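Notes follow once the structure below has been shown.
When the chains are written out, they are named A, B, C and D in that same order, and each has its own residue count from 1.
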Amino acid sequence: MDKIPVGILGATGMVGQQYIALLADHPWFEVRFVAASPRSAGKTYRELVAGRWHHAKTGGPGTDSLVVEDANDVSRAAAARKRGELSFVFSALEMEKETVKALEEAYAAAGVPVISNAAANRWTEDVPVLIAEVNPHHASVIPFQQKARQWDRGFIAVKPNCSIQSYTTPLWALMQAGYEVRRLAVTTMQAVSGAGYPGVPGLNVIDNVVPYIGGEEEKSEREPLKIFGAVKNGVIENAAFPVISAHCNRVPVSDGHTACVSLEFGAKKPSVEEVKRIWESFSGEPQALNLPMAPSRPIIVREEPDRPQPRKDRERDKAMAVTVGRIRPCPLFDLRFVGLSHNTVRGAAGGGILNAELLKAKGYLS
Amino acid sequence: MDKIPVGILGATGMVGQQYIALLADHPWFEVRFVAASPRSAGKTYRELVAGRWHHAKTGGPGTDSLVVEDANDVSRAAAARKRGELSFVFSALEMEKETVKALEEAYAAAGVPVISNAAANRWTEDVPVLIAEVNPHHASVIPFQQKARQWDRGFIAVKPNCSIQSYTTPLWALMQAGYEVRRLAVTTMQAVSGAGYPGVPGLNVIDNVVPYIGGEEEKSEREPLKIFGAVKNGVIENAAFPVISAHCNRVPVSDGHTACVSLEFGAKKPSVEEVKRIWESFSGEPQALNLPMAPSRPIIVREEPDRPQPRKDRERDKAMAVTVGRIRPCPLFDLRFVGLSHNTVRGAAGGGILNAELLKAKGYLS
Amino acid sequence: MDKIPVGILGATGMVGQQYIALLADHPWFEVRFVAASPRSAGKTYRELVAGRWHHAKTGGPGTDSLVVEDANDVSRAAAARKRGELSFVFSALEMEKETVKALEEAYAAAGVPVISNAAANRWTEDVPVLIAEVNPHHASVIPFQQKARQWDRGFIAVKPNCSIQSYTTPLWALMQAGYEVRRLAVTTMQAVSGAGYPGVPGLNVIDNVVPYIGGEEEKSEREPLKIFGAVKNGVIENAAFPVISAHCNRVPVSDGHTACVSLEFGAKKPSVEEVKRIWESFSGEPQALNLPMAPSRPIIVREEPDRPQPRKDRERDKAMAVTVGRIRPCPLFDLRFVGLSHNTVRGAAGGGILNAELLKAKGYLS
Amino acid sequence: MDKIPVGILGATGMVGQQYIALLADHPWFEVRFVAASPRSAGKTYRELVAGRWHHAKTGGPGTDSLVVEDANDVSRAAAARKRGELSFVFSALEMEKETVKALEEAYAAAGVPVISNAAANRWTEDVPVLIAEVNPHHASVIPFQQKARQWDRGFIAVKPNCSIQSYTTPLWALMQAGYEVRRLAVTTMQAVSGAGYPGVPGLNVIDNVVPYIGGEEEKSEREPLKIFGAVKNGVIENAAFPVISAHCNRVPVSDGHTACVSLEFGAKKPSVEEVKRIWESFSGEPQALNLPMAPSRPIIVREEPDRPQPRKDRERDKAMAVTVGRIRPCPLFDLRFVGLSHNTVRGAAGGGILNAELLKAKGYLS
């Protein structure tokens, strides 16, 4: 099978580079189009990232020689699409929210589907916010989105903020097993890579914790409600529960967000052992479809008292698994645990690729 | 005035050294007696700590030449006391809990009051767990303790675990102002020095978080109830509230514990502005008595969105103040904030010294 | 005595803030004038640094309310000088080198002496590069500088790069004792604060070393030659020795530059014990003049095998002392040692203040 | 082909675990025997390392259920060898040097070859200290070693200290190309994992550098001379050059030793471009033999000004390649560069495995 030609908007940033690295050997997709800021346009990808590459893993040799396009000029992608050299784009744009929103819509309008990592369209009601194991059924809003906006082939699908990925899938697994989650207190200890590059100043992360990340608590409290929501009349209706309180902190960790979670169930409450069984046996549509980027088990349960830990657990199963541990009763609510996921893989580029695989497998991407 | 001669049990450990450093220029107390493990006995203090000194500040010249005693041999302190060369001891013993308990009782029985930093006697019901600004009135159990045990001059008074000091005083200030605190969810990000030396292995604190500290969550959930308790018939009766859930984490920070706190008030609830006013104007007995180690303001309120931070705020007011920030409503409970205190000063040696000053000022130490 | 009114150019940056903090209680100087970029002009100092203050220690209350001037507008300082409200300025300007050079000259031309931390004028041959303990006699070029440029009262004096301060004073002490230093191999491990704020990206300093600092090796190899040079005909003639090879690295340390040094003497070679004696007894003009910012002993020798260490030794003697250790023979050259100094105090603002004190004491600042 | 059954002495320590992880999928070798301290004996490997596993990668399922033997009891390995269940052992023993030396000799005497990571036998003159790309010809002393000690099948081969691996292969490549290296000044910045676990206390590696590692400088100055030595009459005669001066530092890095190197050539001196060409084209016997653990290119040259960096470069080519950069002239000597290698893979377990592969391919291990 010929690989599907894909593009990356914002290809030179931290998340853009992560896409390049993760797609280097992808069995389905091949990066054929890269776009970035106007001042990068016209240079080769290699030229632009040489000396500014943030990851241990590098891109494929094919990527190096690609000439970078101006991401603001949608006609380049539209033309590539017409030549059959581009099927869809991953958006890792790092511009003003309104600019990103308009640009993503312009690409979709031009017939180029956008699988986005950006926050701009997360609160657009006909745009699904996908975690492939949690709400693959939200993809069903895509035809309504296309119809409403008179887009033929293009559409927008996004993924949620990296901060919530360490506990959203575990919560969903419990909900699926019939346990309502009513209230949620979460404190995150987030990695520096979540802020991009240069991102957090070095002085802030030596012998220090910064107990604040702009906008992060608001996202953490709202986004799960859309993900857990129901599709009605072609739009997503937010769930009413759980009510969430989030404290988000920046800690001296390169990759891997850790979350301390306390939660309250509805009337029906599982035991700790039941929770472990549910999580260990949880499997979603990506696993059923055997998608290339899917972790074999979405949730890994650790029994050691002091796990998960970012340095030891973030890379598990292609850095796509969520690792949980310290599952125990909560004196205030019902259950406590610690969750961890890799923020630039599971929480960003890897999650985006898995979404694209899901949408491809479900027929939304031709 | 001649200075009061004091001793330190466990003088060579991390907290013991902190006592030495903080007492170097103390206006009331002078270190004249140091004790440690049997294998240290007979050597000079200087010999023992040379090459193993953990702090930037050093001890006074007088301390260097002191010959270290065997802490297990109570007779040495008893004799020093009879010679008028020792009034009381600070206990920073780092042995088995039962051994520490027995030893502290033996010193007290021998007429040497013990101001302890250790956990061994925190749950002895006639032993006060003092935070000088919060429950100085608990000192009133000391005469009952002495009578019950037939001790004439000796007694034991302790301080709580370092993990709770970043929020206990702020909570107390609210209670004093008439606001009952019913429930408390707290997640701590604790410094490495809290585990002593060598303590936490270096590999655990590079690019990592360890979401577990043995015994710390239990202490954090129980100790505030004793501190907030009432004295009845010569013993301390624990408070019933707040119900506490604690997640305790070790982060790559040298000194300074940070706590993310959500709390629920009783029927009467203060506004955020009211909370700030209460904290900024809070003052306790150490301030009224103008004790040497007392911070001028026990609680410092920061208005910046990203404070408190360990590296910037832990040293405030002799490292004895608690700094709070991010005071805001909580979607789950009523109020959220972040608290920070210096764990080896306010939370250990400095807190112990302040307790001794308080007890001296109140007439318990002659 | 009324305090001398001083100003700070670049007052809001990292080094500028350090000046403010260190001058808060200065016995001779009082900050009465602060200048920064045009967009800061007109705001109060407090407004500008609130939420962006980098140090634990804060400025004096008087500084908070100062209205910040545009540093590019020399007339403001000139007018203040005429009103008797400004005697001289400290320059911590962080602009283009040519801009800084021109601005510092403009202030001097307007009658305002400039004590600079910037690199711009370090290679101007009639501008002294002062380390107060090493080459106070270089101040004698100031009258020649004033005459040549037809400046009446203004002049420029600078301090060297922070990277060389951990070993320049120890080298000088040996030279003064009659031991010629011919060759020097140095590898530095430099703190993040040396790059200002935001400076080094956080991702670069977590679990990492960056073996490169732009321009730093060149400065490290050239500046000592000027400092060790001789004054001839009103200009400074560079020394021919030592020949220096510098490797400069950035390490995950907040403050404190560490240097591993190997050196070769001329024909006359001291023993290790002789070296220690020379360093321990070394004293310079700042000590003789008892200047307020002078460390009581400029060089502290540690005997422990594993010192100096940044976290434990950088703060010694107001963070103005150089700490040396691991003094031992070198298989390649003659002597090896490790030196450490605080880069934003001794190596920046503190060094600048000491230079100003020296120039005041010697009559160059009225 | 059936895999060769191998054993690991000291299997539960940090390096022992690294052997287990790296051998999990090895095409030639299979771990069938694990030994550790007497108190570990009789427990399953899984039991012993659960909760104390230091790496992200885990061992194969077969290893988990192995029952750990007492490493002091050589008869267990001898019996396994007779049953055909053990061919040779990797030694990662972490005991007293004399004990390790005696034990390794006892295993060899019992017919079990020992491929060692320990320092104990590095200065035994008939024991080769192998870096597979540098001195594979030193293996020729093995038959002399066996004959002299009357061992039939057993022998001892070791690898050098991790600190020298970042520059020894580059130096050798230059020597092979005809350029004598006369003098070498090296400063290392070494990772915490080099000290094992618990190893370096956490407080030493937060905001700090420790400019000392016991014994490391001596090893760094002596071991290269044996590796560069010649085989004469069945023993290895040390080379006379280069004369080396080493400064060894511990920095806050988990894995990956960085070395700043200045070197002086003999009369014939290569240009910087020539050096790059030599390094980029260098290849050794492991590459010629296509050994499984061999990096495809032993030396990777980076052109960016700020590389190599531990976090970005340590994992290259199975973490077995040495990465060099900043190749430039030296004002003191002739050439400067920065070298980096992974200390627990290339510098420990991975290097040991490559040595075993080499010895197998050359017929020393049957």
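Criterion: a residue touches a chain if its C-beta (ideal position, glycine included) is under 8 Å from a C-beta of that chain, and two chains touch if they have at least 3 such contacts.
Since we're looking at a predicted model, the values are computed, not measured.
> If you tally contacting C-beta pairs, which comes out ahead, C-D or A-D? Let me know.
Contact tally favours C-D.
> Could you please state the distance in Å, as a whole number, between where the Cα atoms of subunit C are centred and where those of subunit D are centred?
Those two chain centres are 44 Å apart.
> On a C-alpha centroid basis, what's the spacing between subunit A and subunit C, in Å?
Centre separation, subunit A to subunit C: 47 Å.
> Between subunit A and subunit D, what is the gap in Å from one C-alpha centre to the other?
Result: the chain centres lie 40 Å from each other.
> Which subunit A residues sit where two or more other chains touch them?
As it turns out, subunit A has residues touching two or more other chains at 54, 204, 206-207, 252-254, 305-306, 311-312.
> Using the contact definition from the top, classify how the chains connect: line, ring, star, complete or other.
Graph shape, chains as nodes and touching pairs as edges: complete.
> What residues on subunit D touch subunit B, complex-wise?
For subunit D paired with subunit B, touching residues are 54, 192-193, 195, 197-207, 252-254.
> Provide the residue numbers of subunit A that touch subunit B in the complex, in ascending order.
Spelled out, the residues of subunit A in touch with subunit B are 183-185, 187, 189, 204, 206-212, 214, 221, 243-245, 247, 249, 251-254, 258, 260, 262, 305-312, 325-326, 330-333, 336, 338.
> Can you tell me which positions in subunit C touch subunit B when the two form their complex?
Residues 50-51, 53-56, 206-207, 254, 303-306, 311-316.
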